[in-house]
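So, here's a batch of structures to check.
Common to both upcoming complexes is chain A, partnered first by chain B, then by chain C.
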Partner chain A sequence: MRVVALGCDKSGYPALLRWGEEGSLPFDEVKIFSLPCLGLVTEEVIFRILENSDALLLAGCPLDSCHNQKGSQGVYLKVKRVNSLLQEADIPKKVAIAFVTSGKVGEIEKVSEELLGREK
Partner chain B sequence: MIIAERKPIKEILSFLGPGEKILVLGCGTCVTVCMSGGEKEARELSSLLRLKGWETKDLTVERQCEPEFNLRAREEIAKVDAIVSLACGVGVQALAECFPEKKIFPGLNTTFMGMPKEQGLWEERCWGCGNCIVHLFGYVCPVTRCAKSLLNGPCGGSKNGKCEVKPDRDCAWQLIYDRLKKENRLEVLYALQPPRDWSTSRYGGQRKMIREDVRL
Partner chain C sequence: MNKLLWLENEAFSFPDFWIEEMERDNGWKIEVKNWGNKPDNFTEYDRIFILGDSFSFTQEKISSLSEEWEVNPLKVRVFPAEEVKIIFPKSFLSILEKFIIQSLSQPLFPVEARRVVPENRVLVLPQLSPALEQTLKKRGIDTIVPPSSFSLQREGINFRLYPSGDNVGAIIISPLEEKKFPISFSSSVQDTRKLVDIEFMEKEIEKRDFRKETIGFIIPKKGVTEKEWRKAFHLSQTLVERDKAEVFILVEEVLVAGENLEKEYRKARSSGVIFEKVDFSKLGTRPTLDMRGIEVEFATERDKLKREVKVDWLVLLPERNILPFKLAPFFCGDKIEGEILPLENPNVLPFSSGIEGIFLCPSEKEEELSLVIKKYLTEGVVREIGRGEVDEEKCVLCLTCLRTCPWEAIEIEGERKKARINGERCHLCGLCASFCPAHAIEIKGLSLENWVSAVSLGGKNESSSFRL
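Moving on to the complex of A and B:
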């Protein structure tokens, strides 16, 4: 499975890097990118990424303590919408989002399992 | 504005032939505002169709209901086999009249003329009956907003300000009463409204408006 991972500068990206350093990743290929805030991720960006990958993993600040206040909330709604469109069209691709603090990677591991269809 | 919603994806997919080059054509006016057929939605659908294996492009014109805007897209349209129009029913038909040789499919279901009430919620306000009398009803159109279109209301089913037909909707006659009361114009309600002349509405087939003063 080819996965693109996007993380916000404040929490998600450091957590993704740590996740990458800590152990063997469960995917064939993971490309990790940073951006200032997950709120910048639009549905259009998500679809574009999915055209060249199997799944998208997003990592951002916790919903109630987003550095930019509404970034995580905004992307959460977009991800929900995109997943429902993918499901409606029977497209076997998925987007998952992990709300993390920079030091903790547990949530990313959990979300990775979701992407692999091995929900705990 | 005209409110529309996207058709189910599977219905849209059922229109398209295998291997066809598709243009998803958005409309930059009403359906952009109601978030169903603007530039963003056109890009999304285009991307979704690519994920399903079609070769697609997307483009958004300012108003699909006006031929001059559609004709500006003629070069892009010439390159594709079919178009999914994300306009209202007027836009789809205007597009089809501009490009009689092209296969065009509606990507939206046109629902009503209305307004946004809050983020993600739109409500119907006008039937286009051709004879507006909202000033007599506290600016609340009973034709559109009363489930029974009563001109002499309310009916006996209004309960706690809600409609008996659709209990989640406000009773239009409650709204009319409240507004007229606020304006100290309740006496307006004593006037009995005569039966309505529906000849201006849509029951006689397609309507037309001719303005000799602006015709060329």
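Moving on to the complex of A and C:
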């Protein structure tokens, strides 16, 4: 499974990197990118990324303490919408979001299991 | 010929032959310097690349460096060298080359990094405590006593107070706190008079000794200050060492994040104080038959079986909860929603409420808060002016951006009444652009095209990691 991972540079990206460095990635290929805030991610961006990958993993600040107040909330709604559209169209691709603080990889591991369809 | 500057650090440096190879193949002129040997003039370079340790170089840090170097922030890019080296070592050079090509292909919009410094004056709500007043005065920060009736409005990075018209750089909220015990006790347990607080124990320990007695402490997870933890470690250690008492401390979590606090915790443990991690919801108490002590029933995290211990004294530390503060009624026109509560994200500024310029001051933290405020008021923040732009032709004035922006950076102005981004307030979170139904807003350098092209650079079978 080819996965693109996007993390905000406040919380998600450092956590994604630690997850990558710890080495036991459950996917065939992961590309990790950072951006100032997850609030920048639009539905269009998600679909464009999914054209070249099987799944998209987003990692950002916790919902109630986002660095930009509503960045995580905004993208959470979009992820829900995109997933329901993918399901409706019967496209076997997925988008998942992990709310983390930097350095905490547990939530990313949980979400990556979800992407693999092995929900804990 | 493109003139490029690479700033490398001690942890990672370029082998010379890479530079030569890249210069030869692409016609670039590359200068490699380290942080200790930075050039005096950065404006002569077409792009400035920073190598490595990318999570130290957040968007805010890049803005700040651009302001210091007097260059367009769009010219500065961070290549996460260490991460690429660790995660994808084989394709390092090709990723690096593609990264440079991609950076050079991006257009340079006129963007300026500018430092915005707030007024050196604060407003404290609801009331200024003497301790806070003293520490702010010591650091040279003026305070404004709130009049009986007033309203606030944002004015750039400052807040304007009406009707006086004074500007303040920050607002400090000293929230009310509520003390409560983590578990409830029956009246028969309270009748034993062996249920005491830490202050009582502190006084008693000076008057008498607790030879061969058993003393239990219950310390909650939330709202216990560093000072109280220190006191608990010290008292328990004294009881064991001086009086040969048996002391155990029931906790949900031990706080050791403080100066020398871990050392004190270890000292208490090695003196013989027993620390047990328990679930407070399953903790039970009842008086002993002779009413001279309390029986405590608990299950530890290690051993799930319930244990019962008879204690002569049970010392309690209260849980301190910050009561939410409603700031919205003080603001006229500005969108300040919800209640102000402390944030539990270590990546935001300490004491921040999540709203720029509004800080929370928990009790006994006045000194630390005043340091944070002083830094904020003297250094200010760096903002990128001209990065976010609204296309007036596309804007339909639906006000989605105005409602979405968490930083109040959208203004409606001009003859044609169109939305405009105030660069002094914009944090580049991109929420306005991502929610705009007319696609009228662009955050330059962070548009869809930049994203997708960066993502597709890795190719089908080549794993790669980039910083956008």
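Simple rule for what comes next: the second predicted complex is superposed on the first by the 120 of 120 C-alpha atoms of A that agree within 3 Å, B and C clash if a C-alpha of one lies under 4 Å from a C-alpha of the other, contacts with A are read in each partner's own complex, and residues count from 1 in each chain.
As a convention for this text, a contact is a pair of C-beta atoms (placed from the backbone, for glycine too) under 8 Å apart; a residue touches a chain by one contact, two chains touch by 3 or more.
These figures come from a predicted structure and were not determined experimentally.
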Does the chain A-based superposition show chain B and chain C clashing or fitting? fit
Chain B versus chain C as contact partner of A:93, first or second or both or neither: first
In this superposition, the partner of chain A with more touched residues, chain B or chain C, is C
Between chain B (first) and chain C (second), which does A:47 come into contact with in this model arrangement: first, second, both, or neither? first
Name the contact category of A:85: first (chain B only), second (chain C only), both, or neither. first
First (chain B), second (chain C), both or neither: which does A:65 touch? second
Minimum Cα separation, chain C to chain B, after superposition on A (Å): 7
Where on chain A do the contacts from chain B and from chain C line up? 42, 44, 48
Chain A residues touching chain B - in the complex, by the definition given at the top: 42-44, 47-48, 50-51, 85-86, 88-89, 91, 93
Please output the residues of chain B touching chain A within their complex, sorted ascending. 8-10, 13, 40, 43-44, 47-48, 50-52
Under the stated contact criterion, what part of chain A meets chain C in this complex? 4, 9-11, 13-14, 17, 20-21, 29-37, 39-42, 44-45, 48-49, 52-53, 61-62, 64-71, 74-75, 78, 101-102
Counting only contacts in the complex, chain C reaches chain A at residues 54-55, 58-59, 80, 83, 86-87, 343-348, 354-355, 404, 406-407, 427-431, 433-435, 443, 446, 448, 451-452, 454-456, 458, 460, 463-468
